[in-house]
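Paired with subunit B in one complex and with subunit C in the other, subunit A is shared by the two complexes that follow.
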Partner chain A sequence: MKSVPMLSSAFLAPAGQSLPQPLLELRQQRGTALVDMPLPTRKTENWKYSSRYLQLTDAIAASLPVSDRIDTPLAKVPGYQVVIRNGVMVPSASTLPAVEGVTISRFADLSDEVASSLAERLDNTLDANAVQLARLNTARFEDGLYIRLAPEAVLDQPLFIIYETDASQSGSAYPRLYVEAGHHSQATIVEEFLSTGSEAALVNAVSEFTLADSAQITNVRLSADGESVQHIGATGARLQGHARFESHCVGFGGPLRRHDLQVRLEKPGAECLLNGAVVTQGRQHYDNHTTIEHIAPHCNSEENYRNIAAGQSHAIFRGRIHIHRDAQKSNGHMNNKNLLLSSGAEIDTKPELEIYADDVKCAHGATIGQLDEESLFYLVARGIPRREAQTLLTMAFINELIQQIPVAAVRDASLPRLNQFIDQTFEEA
Partner chain B sequence: MLSIKNLHASVEGKQILNGLSLEIKAGEVHAIMGPNGSGKSTLSQVLAGNEAFEVTEGEVLMDGTNLLDKATEVRAQEGLFLAFQYPVEIPGVSNMQFLHTSVNALRKHRGEPELNAAEFIKLARETSKQVDLDPSFLKRGVNEGFSGGEKKRNEIMQALLLQPRLAILDETDSGLDIDALKVVSDGVNALRSADRAILMITHYQRLLNYIVPDFVHVLSEGKIIKSGGRELALELEERGYGWLGIKDDAETAS
Partner chain C sequence: MTNTEQQVSELIKREYEHGFVTDIEADSFEPGLNEDVIRRLSAIKNEPEFMLEWRLKAYRRWLTMEEPNWAHLNYPKIDFNAISYYSAPKRPEDMPQSLDEVDPELLRTYERLGIPLHEHAKLAGVAVDAVFDSVSVVTTFKEPLEKAGVIFCPISEAVQKYPELVQKYLGSVVPMGDNYFAALNSAVFSDGSFVYIPKGVRCPMELSTYFRINAANTGQFERTLIIAEDDSYVSYLEGCTAPMRDENQLHAAVVELVILDNAEIKYSTVQNWYPGDEHGKGGIYNFVTKRAACIGKNSKVSWTQVETGSAITWKYPSSVLRGEGSIGEFYSVALTHNYQQADTGTKMIHLGKNTTSTIISKGISAGRSSNTYRGLVKIGPGAEGARNFTECDSLLIGDQCAAHTFPYIEGSAKTAILEHEATTSKVSDEQMFLCRQRGIDPEQAVSMIVNGFCKSVFQELPMEFAVEAGKLLEVSLEGAVG
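== the complex of A and B ==
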């Protein structure tokens, strides 16, 4: 019998960076718990399509070096900006808001008292059984970003968090975000993942959001790491009464892209919108897993994910809505549409509804299709070159979701990138 | 301008066109009439370059060059325009984006500078007024949620915008009420010029009251069996297709 692969002990080396004592202790604790952690295999249900792309080698186990240097001047963003490089904040490249009630601190700067209270709450938005690897983030983070919105505080402009990974050498980075939104507070937080360099690297990113009554958080997540980077991400959100969490994910494929999104609607009136658009080509791989827990009655959830797979690539969507026994009058709506651009591409979709309450409205739909030949002919018959027409139609497929992103700068930046990416996929054809 | 010789074409293995020949000169307006299933729409699709149709014999020359060897987009760029019988709805692509891309593809082919967004919007607004379409339609998805009449007006609007050498109108009158028919006809008549040809494909002669053709041809079983002037259309209206020995299965076909 073949033995189960274990997490290499190289991943459990002690911290290099000084964190406040309570966070160091939490790291230590998580690290100890990960000794002998079995790694996901083909037989692990929620990793069955992705386990073989997960390469947790000793070379990748090393922490990527911390550096204040920014090689690539980042485009000026219209709003506030925090740059996180290899998992550690770069204050010199960051523009923080001076808005009443909004506190943004790096973990390294927290007092022991605040750090101690934070340490108790980290990981609480995520189901450890479903996202085992998120625990590796907690065992390894060198820094993190802690955002507190006081009750009724409103962040007037989007905050852009740019996570840049320098893969000019092999190693891993563990960016961490914790957002605590007080009641009636509002913020839009854009997370963008980028990388430079071409050595094998791992980004293991965890973002957590807690929303008190009537808080409103919009979270945009752009996943655009390079071809040598494996990206494993987890986002968790817990919502109190009448809170609203909006998530818009835009993902470009890579050797391994995995994102787990878990939302818990814990008090009546809470609602979420989860949108996701993914494009893959070549031999790329993208695996999205979402879970919405309807725990309290009278909560609403809406989810729309779309995948476009070209070449020999593989895109996966698994969406789960779990309506607990007491969650009467729940509204859940999940939709997953997929576009296959080549006969070699693969898309797997698995919508799951698990309903224990009897008075709920819950629906899901999933489709997989190809570009419509009739539409294509119509465009080409107007003189539009075939490749351009294919790109137009493919863009139309995800444009609907992109247009729902409530930050113009993100839409404006995403569309040409998606267009270029999609246009490339038709190059060979 | 267009010379069709002994054209044979099939779709899904079924032979539809059986030796169709037709000469169209610049400045002329031709009408092809015939019962359903006679091959009218097949002819328009073959000319436009729909790959679902296979040409098994014959040739088509446009301005002296072999049309059938050319890709669909090249035919359009060289001035062939097909007004579709059933214009497709394409949500997610705006009319604006579609038409702008199309106009610039043609301009690029002719070696003319492309129009920027402002120039294009000005042109598109003016043109849309010609067919009585509210310019706000530019922001909507291509034909998305359009009524039958709006779709046909959009087709003619595109013809006016693209100024083709040869415009083929496939059943442009179907589904139009009398007011819409007048608007569409005015649009088509505005296209008439000495260096342009128009080929109308229609089941009924009603449209020909508004767009008066120079020549009328009767298509049956994939061949033109009779040609004449506009009076032929009137005769067809009076006597039906039966006197030509054609079975008109129009009422039974969809």
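== the complex of A and C ==
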């Protein structure tokens, strides 16, 4: 038997101590549990296609330094803004809302009482067996962002959380977000991952959402870290009756991009919409895993993911709908479309249904294909240069999902970036 | 309604019709597996040296392997040393040469199964190589086949008569170390069928093998090898029933198909082994490796299966589409009831240019059963212009059953197109209401709806199988509604 690679002990070195005691204890406890954790291999089902891209070297084990400085001026966002740099909040660069019922606090500032109740709930939205590496976040976070929406509180403008990673030296960052939405509360939270510098780095980010009855949360996730940064992210959401969770993910490829999204529909009437668009080129890699657990009856889920892979890149989608025994009258729809732009690229998809109740309507569809030659011909025949026509058609493929993002600023910012990325792809081809 | 309920409960209680033990003394080995057992097995079959070497190599390989546990199945660990690895009907030295010589007890067994061998063979024009436990007992219709140049014989005979063909192709599609159960089969395979269709020959009749598992506690390790030379065609039928038994019986078969230029093999299976009783006790464990290598240009393989039996089914008939323009098809109906568990599907591996594949899978789960479709469609970087269409639908009957779909789709050729769709639904109240309103009782209504659901697969079956399959579903679904 070949020996299984283990998580290097360098990853479990003590981190900064500027957190309330209950969170320090939790971190300690998680760290102890991770000693000798086997790393995923090709034989680990949920890392089958990605394990070989995972490079948890000792060089990136150390935490990236904390600083209050912001190197690059950030684009002005039309809403509230929180800047998290190397996993730690930078209050000077943040503009927090003063809305009644909305509490936004960094973990370091929480009272022991709140911190201890939070410590009990952290990780509860995620299935530990499916997101082994999310536990590393809980063992290592230096700070975190805690958002609480009181019942019926409504955040009037989107909250932008900018996670900036400074990869001017090797190391890792562990940003953490916990959102607690009271009944009938509403908020739109945009998470954006960026990086500067070109040294090897790791971002291990975990975001958790709990939605009480009839709460509505829209979560937009833009993953645009640099070429030297490995990104392992996990998002978990638990929904009570008639709550609605919307997730829109837009991802640009990198050496390793991994996102696990787990949604639990726990009470009747809960519903979710999960959209995702991914583009990869060169030797990039992107791996999206989603799980929707229909635990209660009368819940709806809808999911649309699209991948575009060019060059020698590799895009993966694995979606799972799990209908539990009592979840009668469930509706689940999953759709995954993929565009393969070169023969060196690879797209792997695994749309799964696991169903234990009979009175359900579930369907999934998946396709892998390329640009339609006839559509291309149509455009070229009308005098549009071939490359432009290819870009146009490819953008059309992905635009369908981008247009569903309910924040205009995100749409406006994403489209030119995607356009440039895709155009570049055809230039190389 | 009480009337129906009564009927239903009677139906539920009805025992497996094909469950009985034919009282023939079997010449069996003591349970257990070691190199000596393999040597004895090989000696009994008077095998040439290369065969024994091959078996031993497979056995040593098997010892280093681990039993796979990735399937969505739940069963107690199999004790491979509690199984007897050889069982032949008594008196192997005077094997019957014609039907008259066949033990009448054996013929009655077939009759009780509703397959009067001679009549069936004559009527349907089917040559039957009947495998009763482990040794082929009778082979009919040999002459017309010989005239056409087709070889259809037990594989143990082929080892003697055509060693060069066996040596060349055995293990060429499913290597001995392919997987745990294939390795076990390679080490201890008892018998099976060997078919060779020479160049340009269209096999004059459909070839058919009936399997039966008979003596208690003897694993059945069939090995089938079919070779279709250039421009040839053969349709091969395989059907099974087994007697009732309390311990679980292991069946680990390997089927290898080799298909050369412009040749076609149509492989149809009706599997109706003992599924265990209504409490999930007993039943066959069916771990099968089936694979076709479409080596030649424009070669074609078509797998059609109707799976209604076995307590555990672990089976993924696969097609390796290597030849340019080769075609793979998979049509499947898998029905599970009571505590049956099925994890089945197919693999389509596209390596050649312009290869196409179609997958139509219908899973029906009733009672407390679990039915899983697990498939792989892989398009290699060289498979330009490859095309796949997959449709897998599940039908649920009752609120205690489960249906799963785990499709792996891997594409890496720019000009390939892959499509996959799956749905899960139940027999709707509207459909039932419509039937009931017209005076059709619930049992019949469900059977009718299920038959409609499976129609696109049944159409692919040879005629006599199609009839049998429809009946089989009806019998298997008895007691599923209520």
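Convention: the second predicted complex is superposed on the first by the 427 of 429 C-alpha atoms of A that agree within 3 Å, B and C clash if a C-alpha of one lies under 4 Å from a C-alpha of the other, contacts with A are read in each partner's own complex, and residues count from 1 in each chain.
Here is the rule we use: contacts are C-beta pairs under 8 Å (C-beta built on N, C-alpha and C of every residue); 3 or more make two chains touch, one makes a residue touch a chain.
Since this is a predicted model, take the numbers as computed values, not measurements.
Enquirer: Following superposition onto subunit A, is the placement of subunit B relative to subunit C best described as a clash or a fit?
Expert: Aligned on subunit A, subunit C fits beside subunit B.
Enquirer: Could you tell me if A:Gly369 is touching subunit B, subunit C, both of them or neither one (first, second, both, neither)?
Expert: second
Enquirer: Among the partners subunit B and subunit C, which is in contact with a greater number of residues of subunit A?
Expert: Of subunit B and subunit C, C contacts more residues of subunit A.
Enquirer: Name the contact category of A:Leu96: first (subunit B only), second (subunit C only), both, or neither.
Expert: Neither partner.
Enquirer: In the superposed arrangement, does A:Ala200 touch subunit B (first), subunit C (second), both or neither?
Expert: Touch status of A:Ala200: no partner.
Enquirer: If we overlay the two complexes on their shared chain A, which of subunit B and subunit C does A:Lys350 touch? Say first, second, both or neither.
Expert: Touch partner of A:Lys350: subunit C, not subunit B.
Enquirer: Taking C-alpha centres, what angle do subunit B and subunit C open up at subunit A, rounded to the nearest 10 degrees?
Expert: 80
Enquirer: Looking at A:Leu340, would you say it contacts subunit B, subunit C, both, or neither? Reply first, second, both or neither.
Expert: It touches subunit C, and subunit B stays clear.
Enquirer: Between subunit B (first) and subunit C (second), which does A:Met37 come into contact with in this model arrangement: first, second, both, or neither?
Expert: neither
Enquirer: Between subunit B and subunit C, what minimal C-alpha to C-alpha distance in angstrom results from the superposition?
Expert: 15
Enquirer: Quick check: in the complex, which residue numbers of subunit A touch subunit C?
Expert: Residues 45, 325, 328, 338, 340-370 of subunit A touch subunit C in their complex.
Enquirer: Which residues of subunit A touch subunit B in the complex?
Expert: Counting only subunit A, the residues touching subunit B are 372-375, 377-386, 388-389, 392-393, 395-397, 399-400.
Enquirer: Any idea which subunit C residues touch subunit A in the complex?
Expert: 70, 379, 381, 384, 394, 396-426
Enquirer: Sort out for me which residues of subunit B touch subunit A in the complex.
Expert: Touch list, subunit B to subunit A: 48-52, 71-73, 75-77, 82, 84, 87-88, 90-93, 97-98, 101-102, 105-106, 109, 141-142, 158, 162.
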